[in-house]
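Take a look at this one; I'll ask things after.
As written, the chains take the letters A, B, C and D, and residue 1 is the first residue of each chain.
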Amino acid sequence: MTKRITIDPITRLEGHGKIEIFLDDHGDVEKAYLQVPELRGFEVFSVGRPAEEMPRITPKICGVCPTTHHICSTKALDDLFNVEPTPVAKKLRELMYSAFMLEDHMLHFFFLGGPDFVVGPSAPPAERNILGVIAKVGLEIAGKVINMRKECRDIITYFGGRVIHPVCGLPGGISKPLTEDMRQKIVEVAKHGVEFAKFTLNIFDDVVLKNKDYVDLILGDVYKHATYYMGMVDKNNKVNFYDGDVRVVTPEGKEFARFKPKDYLDHIAEHVEPWSYTKYPYLKKVGWKGFVDGIDSGVYRVAPLARLNVSDGMATPLAQGEYERMFETLGGKPAHNTLAFHWARLVEALYAAERMLELAQDRDIIDPNIRNIPTSIPDEGIGIVEAPRGTLIHHYKTDQKGIITEANLIVATVNNAAAICMSIEKAARGLIKRGKVSEGLLNMVEMAFRAYDPCFACATHTLPGKLPLSINVRDKEGNIIQVLHRS
Amino acid sequence: MAKPKVAFYWCASCGGCEEAVVDLAENILKVVAAVEIVLWPVAMDFKIKDVEALQDGEIAVSFINGGIRTSEQEHVAKLLRKKSGLVVAFGACAHLGGVPGLANFYNRDKIFEYVYHKSPSVVNPEKITPKESTMVEQGELTLPKFYDTVYPLDKVIDVDYYLPGCAPPPDLIMTAVEAILAGNLPAKGTVLAPDKSLCDTCQRKITKPEKSVIKELKRVHEVLLDPERCFLDQGIICLGPATRDGCGERCINANMPCRGCFGPTSRVEDQGAKFLSALASIMDANDEAAIIKLTDSIVDPAGMFYFYSLPASMLGRRIDPDIE
Amino acid sequence: MCNWCSYAGADAAGSARKTYPPNISVIRVMCTGRIDPQFVLKAFQSGADGVLILGCHPGDCHYKEGNYKALRRFHLLRRMLGQLGIDEGRFRLDWVSASEADKFVATVHDMVKTVKALGPLHKITAPSSLGTKGKGSGAFQEMGNG
Amino acid sequence: MKLRIGVYICSCGTNISENLDIDELARVSSSLDTVTYVKVHNLLCSEEGKNYLAEDILKEKPDRAVIAACTPKEHEKTFRNVLQKAGLNPYLFQMVNIREQIAWVTSDKTAATDKAKSAIRMAVRRVALHEPLEKKEIDCNTDALVIGAGPAGMEAALLLAKAGRKVSLVEKNAFIGGRVARYEEVFPKMECASCMLEPIMDEILHDENIELLSCSEVQEVLGFVGNFVVQIKKNAGFVDKDKCLGCGACYDVCPVKIKNEFDYNLSERHAIYVPYVGALPNVPVIDKKNCLRFKGENCTLCKESCMFDAINYDDKDELLERNVGGIIAATGFELFDPSVLPQYGYGRIPEVYTSLEFERLLSQTGPTGGKLLMKNSKEPESVAIIHCVGSRDKNFKEYCSSVCCMYALKFARLIEKHSPSVKVYDIYADWCVPGKDNQAFLNSVREWENIKFLHTSLPMNAEIQQKGDAITVSCTDINGKKNELSCGMVVLCPAMLPSKDNMRLSELLQITKDQDGFFAEGHTKLAPVSTNIDGIYIAGCSQGPKDIQNSVAQGAAAAGQVLASLVPGRKLELDVMTAEIDGKACAECMICLNLCPYKAIVLDREKKVAVVNTVLCKGCGTCVAACPSESANSRHFTTQQIFAEIEEALK
């Protein structure tokens, strides 16, 4: 008898990503579908808008990572209006952006992803949330987390006016210079940041790496996918969030492509399925072979682990050290272990903090010369940044007045859409046998899902990470015969 | 005595409003302590069916953010209305439709056609388009219906109060929550923010000449922006005069002009039309050619004046024979 | 229509028994300067197929400059209405003095002709579940100093 | 509670009923649940009809009334008065124009009836939202300020004084009479100008209702009609007018001799002086700039010479404040400067004069005692008079100065009288001699054998060169014939310009100017002496070029305006349909400030709001439509009232 299992992040009606698992007659997993039931059409209604407003329009795609869209859009405008930002403007943007990356990665580790490890995958679900983390690491540290987040968000607010949907980006620069005393404040924050990132890595060591079960879990096959990886690197092939070339490596870790943002269309294509509002990007030169991994499938992965996989290291000393240690532990590059995204995320957080400190300590950064006024006629512009959740691409075309005539957006999480489906299906296969659906499935699948820190506000509409789940086991007619439900 | 039941829900929103709640930081704990949360998809694990199980009106207040774009958002909004004593439209999208409401210049077909067929990165030779129901070999997969139009919450259900802003600032959220808990509430339909326009508290007002005239209009990227001078006086479109006060001039503090996320004052029905009227009135031109030259220098009037409020405007959307 | 020139012009057409189509309704204001773009939108929202603003000739405004303000708003509003799918022909501004009965009648005939040619304005309706917005039978509004 | 709304339908004899089904209209209207009752009458505006209406209102006591009849422009006021008498606030009423705009313009009766039904529904919806408006009144000052003591200003001042109004007459010069004081005779009847002026000036000086402030200038004007506060600066003259008899002893002893600007520097005067013999007030003034004493020397000759101790060196400039209800600006004209047109040689060739200079040459009180003499004291053999200098010329002043033709003829006539042997060449383009007597005057001058008329085309092509002692005027006439005239003297007739004070005053008074700088009248035809500001009127050449009689007529007209609008004991009734700004809502965005043509909106910097001065507001509603926070509101034309009409119209 065929069964259908519906895993619905909070029931279908709330539509923030839905997983359908079909079992074959033996009760083994035949197929799993991740559905995205939402779309807003930013690409379409951007048409007709003045290009310079795009940095204020596109952040509304996502209230969790608005800074990413804002900066990416601003970079697309630099290209569109063919204007080079002043040196200090570039620094200020990257400074603001680093503060954001640090804050966002920390948020994920402690509030969203962390509970799986800090509290432990086998702990009762009721404890596997931020309160559980607090209980485990203590209120004082929880306070630190909240404070770190606030400090970073204050920096973004200083430049952007508002941390949710900042507004400061302009082609050729930024709307507001940095004052000396704010610079000094930022130096302090960055120092906390570095300490705090190191401290967080220690927690990861203590509670995760020192625990054999966890390490096995990370290295285990259930969470492995040999895919291509994509991420942005600087001229020395070091990880860079703000600027550089996009690099792609094969499942064996060989460089497959290294391209400039403007050439993205030669490398990335998107596949459409009738059962989901999201699209499934893949490597154009490999081609779409369905939801499968391996060297012949165009499916690739982005975000922290991917970025570390495509790079030759980190541009700051402490982060470089952690980078090496990680790959050592994981048995070399590229690492295919989905759960290692959490670790990579912490390495990146340390890099973000160190980079922030470098920039803030540069006294030239208070130079008031923050704008170059565009002079040439706009036509087409492409901007790429590395979002917490992966490579983000904004591509605009305009008429001569700078009115958008076409916009194409490939949003971080979407790059991972296919891989997420696969990870879920694989986790399910590993855990559903002969129609028996174990309680553990819930957590395990959820962990697979959350490792990517999927921001479906970007692709769909859910917030990243911790999605309360329920599993409905249905018979062929779709009647629910079993409900697994965490409360 | 039992704590009041509270629900938070998001419709066609970006999650920024949820972040705004999280940004209440320690205050959030106060709130959580004072109420019993029965639905908060982001943070807590409750099911719609739990809500369905409640008595009508059992929820003291539901905070709903985001506009209404799909059948299921509509369904949940209506369910929460039924179960709630009070419904608060939370944030610009629920209040006005918000930036995603600019989609009302287009319709479902136009959006689908571009996103799934025309977009330069899409490879889709069979012209596949997502459908509400798809038969895969294993069975049926369904998706909610995607409407032609984005609606502000009050075009779908009866709304008691509005918390404006993209996203609402923490102080307004706290004042509102405290007012609701204390039960000292203004008249139904009130927008929980000051009822004057932004100029009232704008620091740049002192620089504004009594004889404000627009001789020429500039776009933000075309000129260096004077950090002290009134934007309109610089010839930069700033919706401040037609926008409700209470945001703390967040954008203006970043030296960028207002785009109107707080919506109009209570007396105004159509924010865009009112701003248009004010702007046109102070244009320094009387002969037709000069007037047209000035008005043509505003490249996207509807998009600019309805940046956040197209779905809540009088026409609500582009009039389009192809829509339902 | 403004009270001083165009409304008087319309009266003059009456005194001269000049007939014109009945499907216009007149909203009288003291000056075209009083015409708030919201009035125009309200008319289209309520189902008008066209809106015609009539005022004093430039330089003849009873209040000196009201009609210039009206002209400025008109041009900007007409562009915005275009973006909102309302054809230019449905929204018009013209000058009719108290003595120009013939011009008034001609303008009304012309406007009605234009709007008839464009056909009824598509009414905005929400999905049935949401109830419908926008009512109205084809009629069009005339406003201004008259 | 439900409003009682009464609808009255007038069939206007058969005017309305013949093309409108009144019974059907009444039936449908009364079926509206918002309507309490409907009454039909066949002629509401008749005496009988008005009485009926009044009684019925008293009987039915409606909260609101709708009257469907003719155009409101015809009988809205009529019915408002009836309602008021019957105790219903006249603004709780809406009129429906079913005659001019429905019955008379709709060919099909059913269509007309349907349109009328909708129109009544609109009015019923609207009237329910009406608010009772009470007429406001304020006290007003009925005194007046007149600026400029030329013919126009003096006429205005005298009329106002006769009506018992207090008048402050401000004149910047030491003398009154304006330009006319410089003329010998005036056209077309060739009366003696001083004989004509003298009695008027005398009245001005002795009328106790008139306070003459010579050597004075208006510094500041605040307030509005009925309530102006004026600051006037009176420059020190150093001679006590009450003690001085005008004997002239003082200026004969004054050692200083300088050019006399009154005679356009063609004569000389002392540092203490009267500009011309017979100037009024006949009180000398000391010209500080040139008096030795004020240059630091210790000269007291004039003081010593005065047997009445009228001279006071310690006299100071004063700042006077006057409260007035109305203001009349009559600041006169000046002449276009011909040196801008080098071909005329003015300023370069000594014997080329402007018309005003020439007036002095012909005047008994002038530099030559009225004899026509050149600078070398010889009589010229011939004099050329050139019209249209700088006027009727797109490149300079496009308008016609309207008096040049006539005074040119006057010059000819005076030359004929004083020096009959002198030849006169009159070089003109067209004759502008409208009105009675003027053509006759032209004809009579034509009869003089010594005058030759040279008809040229515009713009004037005359070219003037000094050739030895003589001057050659070369010009091509209308037939293309070149003429070379040798003359002793040339008189130019330059364009008339508004006086320089117009610029300053238009800002002080906030009244508008036309493209040429003349004060702009309220309406070219219907309000020729009004301005954009209530209570401020204009007269004479400050409004545009004109002759003495028209200036005087305007002076009288302006006085009449003041008398009619400001009556002692009568309060000033304010327009009720004005704009108002809600102080609790206004955010001081200042959009409205610059939009008001009547300067009726001011900023209250303390309260941080814009405020409408309902005295000045005319209720056009421009500011209301523009107010981006809808803090402004038009009484009786509120946004909600108009929305209601629009919605109902489209139901």
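Quick notes
We take it that a contact is a pair of C-beta atoms (placed from the backbone, for glycine too) under 8 Å apart; a residue touches a chain by one contact, two chains touch by 3 or more.
This is a predicted model, so every value here is computed, not measured.
Interface comparison, A-B versus C-D: the higher count of C-beta contacts falls to A-B.
Centre-to-centre separation of chain A and chain C, using mean CA positions: 54 Å.
Separating the centre of chain A from that of chain B, both taken as means of CA atoms, is a distance of 26 Å. Here the CA centre of chain C is 37 Å from the CA centre of chain D. The distance from the centre of chain A to the centre of chain D, each centre being the mean of the chain's C-alpha atoms, comes to 75 Å. Touching two or more other chains at once are residues 105, 268-269, 274, 277, 281, 300, 303 of chain B. In chain C, the positions touching at least two other chains are 36-38, 42, 65, 69, 73, 83. Residue positions of chain D with contacts to 2 or more other chains are 595, 622, 625-626, 639, 643.
Inter-chain contacts, as defined above, occur between A-B, B-C, B-D, C-D.
Residues of chain B touching chain A in their complex: 9-10, 12-20, 23, 25-26, 41-42, 44-49, 66, 69-70, 72-73, 75-76, 98-100, 102-106, 110-111, 114-116, 119-124, 128-131, 134, 136, 138-139, 141-144, 146, 166-167, 219-225, 227, 250-256, 259, 299-300, 303-304, 307.
Chain C contributes residues 36-38, 40-42, 44-45, 58, 65, 68-69, 71-73, 75-77, 79-80, 83-86, 121-122, 124-127, 129-130, 133 to its touches with chain B in the complex. Listed in rising order, the residues of chain D touching chain B in the complex are 585-591, 593-595, 603, 608, 622, 625-631, 639, 643.
Remark: chain B residues 68, 71, 74, 105, 147, 149, 151, 155-156, 268-270, 272-274, 276-277, 279-281, 283, 285-286, 288, 291-292, 294-296, 298, 300-303, 305, 313-321, 323-324 touch chain C in the complex. Chain contact summary for the complex, chain B toward chain D: residues 195-200, 205, 208-213, 240-242, 245, 264-265, 267-269, 274-275, 277-278, 281-282.
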